[in-house]
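Working notes for the structure below.
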Amino acid sequence: MGLPEKVGIVGTAQSKYGLVLNKTIPEVAYEVVTKVLEDAGLNIKDIENTVSASVDLWDGATASGAFLTEVVGGVMGSETRVADDGILAAFHAALNILSGDFDVVMVVAHCLGSRGTHYDITNWVFDPVYQQMLGLDYLSSAGLQASWYMNKYGLSEEHFAKVSVKNHRNAFNNPYAYQPMNISVDDVLQSEILSYPIKSLEAAPVSDGACALILASEKRAKEIAREKGREPVWIKGMGNCYDSHYLGDRDLTECSALTIAAKRAYELAGINKPLKEIDVAEISEPFSYQELLWLEGLDFCKRGDAGRLIDEGITEMDGELPVNTSGGMLAGNPYIVAGLTRLVETVEQCWGEAGKRQVPEVETALAHGTTGPCGQMHCVVIVGR
Amino acid sequence: MSKGEGKEEVKEEKDLLRVSINMNLEYRWSGGSYYTKFYRAWKEERKILGAKCSSCGRVYLPPRLICGECYKKIDGWSEISDKGTVKAYTVVYQPFVDPRTGKPRPVPYGMALIQLDGADTTINYFLEENDLSKMRIGMRVQAVWREELEGNITDIIFFRTIEE
Amino acid sequence: MKRNVAIIGTGQTKHVSKRNDANQAEMVFEAASRALEDAQLEIKDIDAVITDNMELFEGRALPDMWVAEGAGAYLKHQLKIATGGTSGSSAAIAGYYTTASGLFDIVMVVGFEKHSDGHTFAGMALADPFWDRPVASAAPGNFALSITEYMASRGVTQEQAAKVAVKARKNALNNPYAHLHIPDLTVEKVLNSRYIAYPIHLFDMCPQSDGACAIIYASEKKAKELCENPAWVKAAVTRHDTPYLGDHINRLATIRTIRECCNIIYKKLGITNPLKQFDVAEIYEPVSYAEMAWYEAMGFCKEGEAGKLVDEGVTSMDGELPVNPSGGVLSTNPVGASGVIRAAEGALQIHGKGGKRQVPDVETVLVHGYGVYTWCDMMVLSSHL
Amino acid sequence: MSEKEDAVILPTRIVLPFSYSVGRVASKFFIELRDNKRIMGVKCPKCGQILVPPRRYCGKCMAETNEWVEVGDKGTLIAYTVTYRSSPNLPKKPPLAYGIIKLDGADTNIVHILGEVDLDKIKPGMRVQAVFKDQREGNILDIDYFKPI
């Protein structure tokens, strides 16, 4: 049980998310790099390796990781790049540290969603043989998943709308959130339909931003955190898993990849009863229904029972398991960055530094990231004090 | 890299199919603080500004946020001439598709790495000249500009050899 | 804690210019299956997978989604690395970290590229649109510029470059997987081939290949159980440099990333005479001239003496240090796979499975990955733990 | 360039025609659609599942498939969506209905477009049948859509 050695998180930073039209990619990234170094009390020279996360087609350039090299101190430095969600970059950075080759590794994810054409880009994720030519994208494929999920378990559109109401409301407590909103279930249900049953207030808005964190080996983490007068937040467990690509191969209501990713993370963290043992969860929900479906995959409730969690207020700020106290992706985090944002939020919760969105006495928190059509990839990281 | 030189490709068979999918994606790039200042000076004052690191003194083209050598934010500017010295040259014969248009770029064309007077880096750009025998390292060149500037790198048509 | 890790299996496709009979995911499947067969493993034995390619060469976003199952990543940890031309070598290094983390025992790395599906030079030209996108002339143009500088400063000749080109293609004849098999290539033929960009003749340049390559890493315990001659990873280092071609004068001759990687590795492993202490080198030479510049940077000869090394045949199959017995990138270049191929071919020499390209009694191998002037990766593999 | 929020904005496009080889197995599948209006699947030698559309390997078992099986052109709708967002990627004008369909004789589902259907009356469980295009080119769009029966 547990990771082979301890890996600590010693610094976090995120952008104020939103439409950032007056900055370049290096400028957006540099802002969080500066902040994360300051938060950890480190100098760029202390960073032994950087793992960045970005995807060429979202950036609109080949090998676009090169835009970051100067910004992350990568000129004659060590640097690599994961072309996927930032939470996978954090996962990989933790492996870098466990390998013994590095003691301090920085993770930076960026995406300027507003530069390109959001959903049209996601059509290029689908295989060109059987799916891309149908015109599928993240939105229409999510519609298929959402309606299947509703139909299978008798969930209603109100259940999904409630997630959107909760997350937009939570966002008022988060200074980094893009779209805090006071909206009713009716507002959500009346909003423009994008792809049945998904409405515009149930889809993460296009946004820009970056997010960063610094990981360190046990010894270095303790030293670095001591300087800042706090304890490192430790990675207790992590799991990442890919599902089949072809939508027809999957029971989209099962999210088996998430179940397995969560199981691996829970085993490492020694968690048997997630709902009891986890104090706060940050779950990537590009679409409202996904928060409920992923709650099931994460074993917070039985299959088909997530509607009850939102009905009974269990996932509200004052509920048994506050979920997305940050406002989540629905309140506006770009793709690619979103998973790392979830991790940063949980770390800040553990430190008690989450300001108005702080949940009392957080010992153990769960962060989740997803990419691919209908959650083909899921990554779960458990952090704790 | 050269296409089609392989000896052992799997032969075209009529029962092996391909599907055609055209990419046509639009992006809007922001110039941020430095490209905005650079291209405003370029368009409005017809000036080329290099970004100058106050720590090591290097003058960069293109302008950028960070001096990678010093890890310092660059906040100085230094005017650069549109004349420079060829540090390396070539003539490109290999045709390829320009990703901005989806159409082949005409070949051959001359290119050079040019160190503009006042810059520490070189700019790779088209030469008017495409006769190899008339190119040499150390030759002097000057930018030939479009009449109406758009505030874009392509305002320079090419660099022309000059005698000084 | 430092954990020992070895490469225990390799597999690749027959690289060709156009695979009409297989799609990208199927090529990945072929390479992965062959690596499993080579290591005598089944897919259930693989704990994690790393993939890599150049996304925009084939116009894909998150191609790890489509190829996941072909790479054997169904319900497993996977992530995709993307560091431009070094994507393959960075993926190979990522596979090493993943195994050395102690979290996974057996890890597969698969690099792939299917140039014939797309437009490689166009993909390469997707640089900074504010600066060099309108003039970007892809690999031939970029290299040609640096080479005229290099020739002027070092006095290397077109004949010497042609000798490198001939050596590579001669070696490739011994490699059944190599793309270019040109039995009758001579220095004269190279010099008489058309210019693609002065001074680069057609035969000075690498081909564009369709291909995939997989390697399998194992932890110390598993490697000893499963492999007769494991190729132990003794060092892995990455160094990056500034992103624009014109950022340094005479970049080819003075390339600093390789010099710095070598400084670190040679110091760590006590290498003072690389020509003697390495038995084989698999280096990333997309153009004949680059191989000579790399010799100088790697300390195989004094600065400016690479031409002499070539004239004397020191790096030929029967020379003191055979460089690229595989035929190298000059004979085979599916870009995303090329870095993985370097590691695979290096490991193959230690496994003693080089067939006709086997160098006798290989103990120590230098593996190198390169991408434009921005990226460099190096690894050392050894038959000794 | 235009000016927005005090920065120059450079609009660019990536315009590239791609041509993807579909592989031997998908080629056979498409040729059967094109020439014979037949929908073919393959059987995984390991798990025995009939994969439709066919794949060269079973993703779950990583086993190479080799046995071809014809499946029905009729099936049962498992899930659907109606997408309203217009996009140059769409093969038909929105609103466009997509369905996940279990074809008779297949173990996996097929994703495709639904047509000849009242968008308000699509129901999971309904029976559907493939409608082929008149002009078929050898790709997944040779099935024009699935219609309710």
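Order as written gives the chain letters A, B, C and D; numbering starts at 1 within each chain.
Following the convention adopted for this analysis, a contact is a pair of C-beta atoms (placed from the backbone, for glycine too) under 8 Å apart; a residue touches a chain by one contact, two chains touch by 3 or more.
Because the structure is predicted, anything quoted here is derived from the model rather than measured.
A centroid comparison over C-alpha atoms places D as the chain most distant from subunit B. Simply put, of A-B and B-C, more C-beta pairs touch at B-C.
Here the CA centre of subunit C is 37 Å from the CA centre of subunit D.
Per-chain CA centroids place subunit B at a distance of 28 Å from subunit C.
The geometric centre of subunit B is 42 Å away from that of subunit D, both derived from CA atoms.
Shared interface positions of subunit C, defined as residues touching 2 or more other chains, are 19-21, 23, 56, 59, 68-69, 74, 119, 122-123, 125-126, 128-130, 133, 241-242.
Within subunit D, residues 4, 6-7, 9-10, 12, 14, 16-24, 26, 59-60, 88, 139 each touch two or more of the remaining chains. Contact of a single residue of subunit A with at least two other chains is seen at positions 21-23, 57, 60, 69-70, 74-76, 120-121, 124, 128-129, 132-133, 244-245.
Subunit D makes touch with subunit B in their complex at residues 1, 4, 6-22, 24, 26-28, 30-31, 88, 138-139.
Note for the complex: subunit C touches subunit D at residues 19-24, 26, 29, 32-33, 43, 56, 58-59, 68-70, 72, 74, 114, 116-119, 122-123, 126, 129-130, 133. Residues 3-5, 49, 55-58, 60-63, 65-67, 69-70, 74-84, 88, 91-92, 94-96, 98-101, 121-122, 124-129, 239-245, 256-257, 260, 371-373, 376-377 of subunit A touch subunit C in their complex. Those residues of subunit D that touch subunit A in the shared complex are 4-7, 9, 12, 14, 18, 20, 22-23, 26, 51-53, 55, 59-60, 78-85, 87-92, 96, 98-101, 108-113, 124, 139-141. Note for the complex: subunit C touches subunit A at residues 1-3, 23, 25, 54-57, 59-62, 64-66, 68-69, 73-85, 90, 93-94, 96-98, 100-103, 123-129, 236-243, 256-257, 260, 371, 374.
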